[in-house]
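Presented below is the structure to which this report refers.
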Amino acid sequence: MIKNAFKRALWVYHINTGGCNGCDIEIIAALTPRYDAERFGIKLVGSPRHADVLLVTGPVTAKMEDKLKRVYEQTPDPKVVIAVGNCGASTGVFHNSYSIRGPIDKIIPVDVYVPGCPPRPEAIIHGIAKAWEKLEGKK
Amino acid sequence: MIFEHAPALIIAFPLLTSFAVPILNRFGEKFRNFFVLLSLLFSLFFVLTLAPQVYSHGVIVYTFGSTSPGITLPSGYSMPIRITFTIDGMSIFMAFIASIVSISGLIYSWGFLKKERVGMDKFYSLLLLMSVGMYGMIFTGDLFNMFVFLEILSIASCALIAFWVHKGETSEAAFKYMVVSSIAALFMLIAVGIFYGQYNALNIAAIASMINYNLLDKIALSLLIVGLAMKAGAVPMHMWVPDAYGQAPAPITMMLVAASQASLYALFRTCFTLFGLRLDVAMVGWIIIILGILSMFVGVTMAIPQKDIKKLMAYHSVSQTGYMLLGVGVGLAVMNDPIAFQTYGMKAMEGSIFHIINYALYKGLLFLTAGAIFYKLKTRNLDEMGGIAHNMPLTTLFFIIGALAIAGIPPLNGFASKFLIYESVYRFNPLLSIIAMVVSVLTLASFVKVFHSAFMGPKMKKNVREAPRAMLLGMAIIAILIIIFSLFPAMVVRTIVDPAVIALANQGNYISAVMGGI
Amino acid sequence: MSKTVNIPIGPVHPALKEPVRFTIEVEGEKVVGADYEVGYVHRGIEWAGMRQNPIKTIHLSERICGICAFCHPLCFVQAIEEIGDVEVPERAEYIRVITAELERIHSHMLWAGVAAHEIGFDSILNLTWNIREKVMDIVEYITGNRVTYGMLQIGGVRRNITEKQYPKIREATQYYRELLDKIEDVFLRDPTIRMRSRDVGILTKKRALELCAVGPTARASGVPKDVRQDFPYIAYPDLDVKAIMPEEPIGDVYDRIFVRIREIGQSADIIEQCLDQMEPGPILAEQNVAKLLADLQNFEGEAVGRAEAPRGEVFHYVRMNKNEAPLSWKARAPTYNNVQTWPDMIVGEELADVPIIVASIDPCVSCTDRVTLIKDGKEEIVTGEQLHKLSVLKTKRVMRR
Amino acid sequence: METIMQIVFVPIGIASLGLILSLIFKGIDRRIAARFQARVGPPLVQPFRDIMKLMLKETIVPENCVRWVYESAPIIALVGSLMLLLYIPMGPFNAPLGNFGDLILVLYLFTIPSLAMVAGGFASGNPYATIGAQREMVMMMSYELPLAMLAAATAWKVTSFSIAKISSTVIWSTVGPLGLVGILLLLVVVLSVAPAELVKIPFDAPEAETEIAGGLLVDYSGRNLALFYLSDAVKSFAFASLIVALFFPFKLGTTIWGEFLWFLLKVLIVMIVSVTTVRVAAARLQIDNIAGYYWKPIALVSLAALALIAIDTAVVI
Amino acid sequence: MPTPAFFELVKQILSKPVTNLFPSKYAPASIKKFLKKGKINPPIKTPDKFRGKLIYEKDKCIGCGMCVRVCPSSAMELVGEPPKRKIKHYVSRCTFCAICTEVCPVKCLHMSDEFLLADFDKHSENLIVG
């Protein structure tokens, strides 16, 4: 039961660090009726203090670097970070720009990567399912 | 043996000490403080010993210098003309308040005024005089004496309001207070004159036994109601309250609360004991109810926008006075109808009377916390405060207790008494209890505002520490009483409130106790 | 409580799915001042685009923003095509229009949902996004991806829309046409939505003109501005487009909702017209990408491309000088114009209205962000006081000379 | 010995039963809301899992907060809500403190969790939380008038504030046709106060996620958040039970357990009607709209109800 | 609450939810099972020309490097020396634009329809092609 609690009650906080919005709209899409991530107890929350999972998108621009760190610190343990989209995982198309501080794993530890540009909503759900596994290990 | 003279001793101790303070002062501060406290403790002790007697006998009549209050003329006509104290449940009840408030106010003052260099002897003399005035008003069985004690009380209060005379505003507040007091006293004096002219008597019981409610009596009645309501700070004669309460040193503000209740007591005495059923109870009842409702509403609406923490609390005093008037007014209005009186009028009065003591406690506590804040921050402006809770946790705790109590949040004592009022008043007229409930929430809102802007927020820059120990002790005494009252409201009502209500309601007893002794 | 409190909103804030920072000055609940700060998503896209060949840049420009993932590359390729005098086949032009209009439908539906979410009406978010899935399916069906389309190539489009695909597209346009009433019902005739949007966040026609608002924001204020109508591009000259405006424009949030919802229907119409008018033919001027890459080395000159994105006019400027990488590339997004209208709309409203007002111009910050001041690797936040100090220092310096 | 058992174990039993029921009801509420939105929705046990998880999480205490207020607020909120259960009868089971229970007391007890939240919000020192707390206060002030009228009107009819007495009288049967209308209006009033009392859309301005990021609760995490979550669930359950006790005390007359199920069903229906459907079918209102709504139309309706009941009483007597 | 939206919602509650039950009706008891069960309720079908993870026919590749030149996110890397030069593709860098498949002279690159690619390591075996 204790393990299950984590697996099935993930509260998610979403932060865009400078992506193109593609991933962000797919994250919201994953919560809407077609995909309904709430089935698995996934819930988008408004404050990082309530979150278990940080969904981070974007390649981390210079200006967002600190903010990302701060949000990470504000999230209570145990937590997992999911990098949604390839620009978060590896800066993707933005790789040769000067104001990119990413990828995300250079700034905060990332637990799960969801490749895609953007990934389909199902792929995001799949990624969150992977995070369950991780959280179980963390506790 | 000595206990027989308890009523006289209760007054004698503080009175004598008050005059002795300048001398005691020579022996040092500690010594003086100790003596002042001792005198008040003695008073409290005698109040406590007096209480069981009163509860078992109903009414105690104490006559100075004699065993019977009256002199019997050769013709056989007897008249209570000696100075008498007539003590019933209501008086004892008020005496409790006076003693608690004086003692904790005194202790608090040790801390609060520690830094004052001059005038402390006068301060303590006056403080003692205030309690003398209160005890006197409460115990006396004689209208003229009541006037005298009222004057003593007023003059002492007035001087104390102006204690910080170097601040201009205080003198203004004191002046206002003086004007109001003089008018009120004048009204009272005229009324006393009317009675004396008609009935040739000053003793309350004596007048009560003869009164016939003619036009002159009606005039006297209105003078008394107006004057005493004015001194009690009810709307529309409340304008002095915020200034006086706001400017006086915090412990004095607390004493002023009790003082205004002494006036309230006098008002109730007038209505219930002096006139009693001869009164057009429904009409006077309604007048009091309307005064009460107005006070409640006006007080609270004026309080909400206030920025000065003590003024804000002062407006709440106006509003809380309204509750007491409301309950008693309802009780009075249905006095003629024994069934209604038994089913809910009694309860309404219980609520009101209970509210008097609750109010004295939590309002006192609130004023003391405001004083503690002022002591530390040197400001009364809410906008200049913030984050006090970080630095003064105990004061914050006391404030929370007081605020929840005044807002009538269960299980605190404020709820218990308001609850009695709501529960009975709705039988009389549901709208009244609806208004009472809404006012209660408005009160809550305004205290939440204070809580937010004064106590919460980021830490203060200044390194402020908790208030001195004497002040904390003063507050703690009251806070503990509040908690006791909250935990055992039924017991409190049974032991001290009910006798008071019965005493008020039972005019005949009072009269016969005094007159019968002749 | 009349203290004014400065409330920072963002850059990470649930109401804003993208980072932008607002400082809102409130008095009680009333907003008395507003300022915004963008730059959180500045990714130096233009800079990068000037260092790589345009074929790569098409995909980069697509990711200026994932919502108008068609309009940005469209402007870009239009500019390049103009520089190189590339003849775009007619069918390709039509396919471009179809994709652009599908994008508009999806974007407006998305916006409607977000707007509902801002006012706490999550059921409508779910409703609209559910409806939106239809167009997402069609987009995926045509382009192979749901959000970033990858449709464009210099000289045409990369994928054909075959006759076989027509019925499915028609079915979708039909679906939206039918749903339009329902959506209007839900949005324009719902009392709570009306209460939250009517007379809220007003932008007058005069201010809209002065501040150069574009797109639905301008049209809702009564400025009949639409690139498709004013400067028709791709296949629009052959199609029937007219700027949609409310009958009596007030310029409030409600009007902006109205315009967007009507535009969904308009887009459906346009798509059907395209399907009707489209002739078979080639879709790409140059099939061989390797050859195209070589050709690009000969392009010289400058040009602009403009297009009406769902949010308003997108504008790209490109200059090439016989080099694989463009010499210069500038992108200007609609939100860049529209953000100027924020302070106008927000001040005087309630704090609770800020999110819906901000959302009402459908801001996408990602394409708007330009430059961040970076000094010694640290962001500079200059306060008024510091500025004042700086200026005093400078005066002293000057006086010493 | 027996009394000790009663004093200690009955409240604990009631509290745990209430907690479990509340959470199940919350699950049902979420599920139905999801179905309204054409989604499948979370399983019924989801609230339990959420609580479990929150309990296991780290509890962060922000640096800037007034710690003792901040930490005690959630506990007070939960205890306050649980207290409610002791005063409200659950169908066939009388409330353990039912004899002392009193409508006014209960209505005031409802303010305790809200007040605790307000205090906690202020204590956390976060600007969003502060705004949330202020809004909560405004809201409490707004719906107090209708609630007071409700209490006065019901008590007038039943001539007692005692809930036990009220719930043992079928209030509809005490009145004539005019009073019936009055009571219907009262029902409307109480149903429209419910979402505000429970801070649900459209009256969730204090917690508005998109405006002030969860408002009051922004800074809470882990165990503290779980306590607030629980207290919210319990409060919802208690309010629905109160409505049932006041307006639908009808009995089936079967076994005690049948009666209990019947009661749960009634509570469920009340909850779905007054909370779930309203919350899915409306947008969040601004705070001054909310205040206006309660001070004007709803206050008028409750006044009308009061008047009707008054007239009715006069006619009947 | 007789608003238009309300009727719409009531209609919805009466009809079947539109949710696609991927991966399974309820969250699975354990992750292992989940991954298997994922196939029971497949995700929404991808269209014909869906752009998923790249398929690389290594033998066919001539190592010309065209794909590297056009790849907008530099997800390709040439490895080895000319005669036997091959490419290595990092899925976690790809933008799935498919331009490489068009440019390849021998057409040895294709897009598959595989898109459930989440992984703990962005350089895991699964996410490197070639």
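Note that the chains are named A, B, C, D and E in the order they appear, and that numbering of residues resets to 1 at the start of each chain.
What we mean here is this: a contact is a pair of C-beta atoms (placed from the backbone, for glycine too) under 8 Å apart; a residue touches a chain by one contact, two chains touch by 3 or more.
Predicted model, so just to flag it, every value in this text is computed and none were measured.
Novice: Between which chains do we find the greatest number of C-beta pairs in contact?
Specialist: A-C
Novice: Nearest chain to the global Cα centroid?
Specialist: D
Novice: Please indicate which chain is farthest from subunit E, where distance is taken between mean Cα coordinates of the chains.
Specialist: Max centre-to-centre separation from subunit E belongs to B.
Novice: Please identify which chain has its centre, taken as the mean of its CA atoms, farthest from the centre of subunit C.
Specialist: Relative to subunit C, the chain whose C-alpha centre sits farthest away is B.
Novice: Where the centres are mean C-alpha positions, what is the separation of subunit B from subunit C, in Å?
Specialist: Going by mean C-alpha positions, subunit B sits 70 Å from subunit C.
Novice: Can you give the whole-Å distance between the Cα centres of subunit C and subunit E?
Specialist: Centre-to-centre distance between subunit C and subunit E: 27 Å.
Novice: Counting only Cα atoms for the centres, state how far subunit A is from subunit C in Å.
Specialist: Here the centre of subunit C sits 25 Å away from the centre of subunit A.
Novice: Express in whole angstrom the distance between the two chain centres, defined as the mean CA positions of subunit A and subunit E.
Specialist: Those two chain centres are 18 Å apart.
Novice: Which positions in subunit A are in touch with at least two other chains?
Specialist: 8, 32-34, 36, 39-41, 46-47, 92-93, 96, 117, 120
Novice: Which subunit C residues reach two or more other chains?
Specialist: Residues 1, 14, 52, 59-60, 63, 121, 123-124, 126-127, 130, 148, 190, 192 of subunit C each touch two or more of the other chains.
Novice: Touching at least two other chains at once: which residues of subunit D meet that condition?
Specialist: Residue numbers touching two or more other chains: 34, 36-41, 43, 130, 134, 209-210, 213-214, 280-282.
Novice: Which residues of subunit E touch subunit C in their complex?
Specialist: Touch residues, subunit E against subunit C: 3-5, 8-9, 12, 18, 46-47, 49-51, 66, 69-73, 95-99, 102-103, 105, 111.
Novice: Flag every residue of subunit D that touches subunit B in the complex, lowest number first.
Specialist: Against subunit B, subunit D makes touches at 64, 66, 68-69, 102, 104-105, 108-109, 111-112, 115, 118-119, 122-123, 125, 130, 133-134, 137-138, 140-141, 144-145, 147-149, 151-153, 155-156, 159, 161, 306.
Novice: Which positions of subunit D touch subunit C when the two form their complex?
Specialist: 33, 36-39, 127-128, 130-131, 134-135, 201-202, 204-205, 208-211, 213-214, 280-289
Novice: Quick one: which bits of subunit E touch subunit D in the complex? Just the residue numbers, please.
Specialist: Residue list for subunit E touching subunit D: 1, 3, 5-6, 9-10, 12-13, 15, 17-19, 21, 25-27.
Novice: Where on subunit D does subunit E make contact in their complex?
Specialist: These residues of subunit D touch subunit E: 32, 34-41, 43, 277-278, 280-282.
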